[in-house]
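The following pair of complexes shares a single chain, chain A, combined with chain B in the former and chain C in the latter.
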Partner chain A sequence: MERDKLIFCYVMVAPALILTVGLGIYPMLASMVMSFQLYDLLQINAVGTPFVGFENYIAVFQDPRFVQTIVNTVLFTIIAVVVSIAMGLFLSQVINANFKGRAVLRTLVFVPWFVPPVVASAIWMWLLQTERSPINHALQSMGLIDTDIRFLTDPSTFGPFSIPMMAVAAVRVWNGLPVIIIFLLAGLQSIPKGLYEAAEIDGASIMQKFWFVTLPMLRPVMSVLLALLVMNGLGQFEINYIMTRGGPQNLTNIMAVYSYQQAFMFFRFDYAAAASGVILLMTSVVCIFYVRAQSKDTLR
Partner chain B sequence: MTRALENGAIADPARAKTGFRNNDPITRFVVVLVMGLMLVYILLPVFWMIKSSFQTSLEVQAIPPIWLPETWSLDAYFDAGLLIPLWRYMFNSIVVSVVSAVITTAIAATGAYVLARYRFPGAMLILGMILATQLIPAITRVFPVYFLVQDLQLLNTYAGLILAYVGFSLPFAILLLRGYFQTSSPPELEEAAMIDGCTHFGAFWRVILPISLPGLAAVTIFSFLNSWNDFLWASLLLSSGAMKTVQVGIGDFASEGGGVQYINAFMAACVIATIPALILFFFVQRWLVSGLTAGAVKG
Partner chain C sequence: MDKMLKLDRARSDLMRSVARGSLVAITSAGVTLSSIAPALAQDNSIEFWTQSYGDALQWNATIRDLAAEFEAETGISVQHETINWSVAFDTWLTVSRGGAAPDCADMYWLHSFSAIGGDQYGPMPINEYRDQWENLDENFFEGSLQDVTWQGDFYGIPWRGDIRSFIYRTDAFAEAGIEGPPETWDEIVDIATELTERDENGNVTRWGYAYGTATNSVSWLLPYYWQAGGDFMTEDGRTATIDNEAMRTALTFMRDLMWEHEVVDPDSMEANYDPQPGFLAGDIAMINSAEQSWGVELDRDYPQLEGQWAMSLTPEGPENRDSFSGGGYLGVLRGTDKVEQCVEWMEFLSQEDNMATLSRVSGNVSTRRDVMDSEFWNDRPWKVVVGEALEYARTSQHPAPAWSAIAAPEPGAVLYDMMYDAVVRQQDLDEVISRAQERMQAELDRSNVQ
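Moving on to the complex of A and B:
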């Protein structure tokens, strides 16, 4: 009987296990191995794929473009995390309050959720088209600017920041916001109302209630959200790739786009694997923290 | 909208849940103002897509831009299919998304069931691998998967992309269904079935699956959307000519920067590519919410 049960378990889980290993774990490891090999598609027939130690990592770290993509990736991630959590906190508070029209407001706030990331990139590219952007038009009519802002093509920089970086970050925040609001709403609704009533009896103002009740109570949700957003941010690909291909002058390039371009434009799968190895290392660190925190919760 | 907010800000205190119920007019003004600005940010791109799709080619090119169509026109929707092979791309997307969603759900259901209900050696390891695959970004495994699909002679076939999508959607589908099986039905159900002479599999097939249909439907739709929205895998595995998915077709056209004279037709294509996602999202909203936040709010 016990043996039957075990056989049943393994047979049932086998297809999922094979696919998870075959399309998840094995490729991750194979990609790591590739990052220690010479893997140039253009000379693979002549020289094969010998192991070269850390040479690919040394090569990509000596490429100033790659170093810039690391800085950009971190900046993009920080901007997206900070701005979207700040906006998410505000919006989730508002739609969690009781007022007429709340259902309509809630639906409107979730609209970007229905838009596929590729379509989001396409419509924002059109929205930010220099001469025909309604944003430029509105700002000019209000007299706030004299010349059109070149949202996606202005190459001037302010330290590590630039206008294209801000524009692409705005699109990423836009596309990711609804999911963040859902997390925060779920968190808000798990806060016992008694806490607010107690705070009110003590004469707390709105800001005090937010600061001393809401924020501390949201901490578990916020830490999960933070981990997910950071992992997601470090591996981001499509919005940057479609909107700018990393340009102008590498200003919006990020690690995943660099890796993709090394592989499928220059056929240097070794450099591509090294770049994605850096992503793997950075996300694994966050992942370990996340899984530890999660399993503490679920094992209890 | 803003008026609704102002009225709402002084709603009945007994019904209020948290937050911005208050009487200080300055705070209220700031809240309404910030909310208004955020709504512009959230809605302007979608408004701009829809209004551009109803403009004529001439009108959409105007400098400065025209905010509302002066002549409402459906031309763009007829031209969208001429600009890119939109309907063929839609067909490709539907085929790979439907097939991969069904396969994903079938495989996820059996795996998630035993992971939810039975303790067996290796179960935690398997869960760990599933979680790692779910959390670590896809770019860290695209190259070996690309070579794998190439070795299987499946580049530029539906089968190759479907295989990749099943691998891509499976982890989340398993985690979602595992949570569903754990909470939606009591283990006594199977115990009773097995006392009545059911095998382990019989209990799963005849008792648990029929009552889990809502969860299975949600996971199928979720997996469909996952594939529908994807760009990375499709751009590698199904990239040539008429085989592209609609997201790759739109992404490539956007990046190549086709002339502005076609932008109304292009925006119409964007609207069309969004509609299937829009319809399905309404069905699964509730499920996605509980799946996404599962574990996140057990404080």
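Moving on to the complex of A and C:
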């Protein structure tokens, strides 16, 4: 009986396992191997793919553009995670409340979810195009600005930040917010109402209820969310690539875009694999922290 | 208890049968596929991929009609698949490294893909079939045949050209009382300055000039550099030759247009720059290096602009009037066992009538002289200009596998970085060019490793 059950379980899990191994684990391992080889498509027929140790890693770290992409990737991730969670917390509270028109608001908030990132990028590229931007027109009509804001092309910086970086980060937040709200909404709805009633009896204000009841009760959801957002943020690709190709002046370039450019523009699959290896390392660190935290929670 | 046992047994039977069922399904699928595969290999059909051109539906219908006609003549059926341009480069790169490939296809960047594929994958030389095309040299433009020859091998039939001319808004010219398009670089500066307009806050309402129509910004540099008398590399493709006065002249001209004369949008080299909406709205007065497909598009999609735009030859530089030309060819892929069927199909497509159809539907210049002499390519003034521009067309292909990496329109590529640093960032020209020369040489050396 137990054996049958085991076989049944394996058969049921097999398709997902095969897909994960075939499309996830194998390419990842192959890419890691490639990162230690000379894998230049323009030389491959002449010299093959000899083992070169850490040379590719050294080469990408010697490229100032790559170092800047690491900084950019971390900054983008921090901006996207912090803003998304802050907005998500606020909007999920609003949506969770009982008021007239809640269904309409919910629909509006979830609309960006139906827009694939590629389409979202194209739409926002148009909205943020300097001379034809309706946002610029609106701001000028209101008398708030005189000259057009170069949302995606202004190369001036303030510290490590720039307008294009903020604009692209805003699009990433816009596109990813609905999922965060769904997570948080589910978390909010699982908080027993009795806790709020008890807090009210104790005379807690709205902020105190949020701080001492909502946030602690959302902690498990938030930790999952945080881990997912950080991992997703470190591996982001399409919005940055489509909207700016990493420009202007590398200000919005991120590691995944760098990796893609090395492989598919310059035929350096070895450098691309090394850059991907760095992304893998960074996401692994987050993953380890997350798994350890989960394990501790389970043991508790 | 009995009931529990029965239930357990039933569940156990169910699990077993599901497991067996799955195994049977997987095995039978494998058996079916393995029995179908040889049958497919033996059939008389070929797989043919093309990029999409012009109106995608019309393009597919045209290939379908041609394939039906071909099948009626020869009994060979053609399975056509379209590749979107946005993934075309990645697709051919994958094909050149052993990815799923068709038997024959519409391809480009021969030098890079054949070098990457080596003698295993990618484009296949078909020297032994070359004689099947009678009067190849007389019927086709010389430049287009260069694009299908690599290291002395013949790889296929050129079928489309991408010829760049000069496009301008005649209404803006008339409004400013300017009689004709610029003929020289100096005239570009004068006219662009006159046509650039700003509002009271200094926001530009009309740019006098744009470098080019293509999204590939590096392609804008090529004609300026050629017109200044430069060559990117030696004929053998081994030595970079960009650190010279011609490059300084070309980049200075481009930089001055942007910053000294302020007639070009400083965002021109950014990824989200697209001159088409601006030109259509009359917010850009002239564009150098305009693809001929713009003529087709403007005729087809914007009839209301009739009489408000025109094309002319690209203005002459200090040394000559060379203009950009790209192209594509029909070729066979390594790994196919249907070379003869593919060659027959290519022969069929390269007949005058069929080439005329492909040219008309795709909006691309034909590589056949007789097609370019036909009524279709002479019934509109802009088409006549495109025909004349063929005389000045210079192939953008260069005899080095690394060329597509060198000229990639992305940050990090040699020419893009050089243009960006020189034109947009206004860095010291000598340093920028010297750095680019060194990087380009390294790229050429990389692709010439024996």
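Worth a mention:
As a convention for this text, the second predicted complex is superposed on the first by the 271 of 300 C-alpha atoms of A that agree within 3 Å, B and C clash if a C-alpha of one lies under 4 Å from a C-alpha of the other, contacts with A are read in each partner's own complex, and residues count from 1 in each chain.
Here, contacts are C-beta pairs under 8 Å (C-beta built on N, C-alpha and C of every residue); 3 or more make two chains touch, one makes a residue touch a chain.
Just so it is clear, the structure is predicted and the values come from calculations on it, not from any experiment.
Once both complexes are superposed on chain A, the partners chain B and chain C clash. When the two structures are aligned on the shared chain, A:I206 is found in touch with chain B, with no touch to chain C.
Look at A:T49: by the touch rule set out above, it reaches neither chain B nor chain C.
Looking at the shared chain after the overlay, A:N250 reaches chain C, while chain B stays out of its contact range. Put simply, more of the residues of chain A are touched by B, taking chain B and chain C as the two choices. Contact with chain C, but none with chain B, is seen for A:D40 once the two complexes are overlaid on the shared chain.
By the touch criterion stated above, A:F8 is placed in contact with chain B and with chain C alike. Within the superposed three-chain model, A:R132 lies in touch with chain B and with chain C [touch as defined at top]. Overlap of the chain B and chain C interfaces on chain A: residues 4-5, 8, 125, 129, 131-132, 242-243, 245, 264.
Across the complex, chain A is touched by residues 1, 4-5, 7-9, 11-12, 15-22, 24, 27, 31, 34-35, 38-39, 41-46, 48-49, 52, 61-65, 67, 107-108, 110-115, 118, 120, 123, 126, 128-133, 135-145, 148, 163-164, 166-168, 170-171, 174, 199-201, 204, 228-229, 231-232, 236, 247-248, 250-251, 253-255, 260, 263, 266-267, 270, 273-274, 277-278, 281, 289, 292-293, 295-299 of chain B. By the touch rule above, chain A contacts chain C in their complex via residues 1, 4-5, 7-8, 11, 14, 40-47, 65, 125, 128-132, 146-148, 150, 152-153, 242-250, 253, 258, 261-262, 264-267. For chain C in complex with chain A, the touching residues are 8, 12, 15-16, 18-19, 22-23, 89-90, 93, 96-97, 112, 115-116, 118-119, 201-204, 265-267, 269-274, 277-278, 283, 401-402, 405, 408, 410-413, 420, 424-425, 446-447, 449-450. Taken in their complex, chain A has these residues touching chain B: 4-6, 8-10, 12-13, 15-17, 19-28, 30-31, 34, 87, 90-91, 93-94, 96-102, 104-105, 108-109, 111-127, 129, 131-135, 137, 140, 170, 174, 177, 179, 182-183, 186-191, 193, 196, 206, 209-210, 214, 217, 219-221, 224-225, 228, 231-232, 234-238, 241-243, 245, 255-256, 259-260, 263-264, 269, 272-273, 276-277, 279-280, 283-284, 287, 290-291, 294, 297-298.
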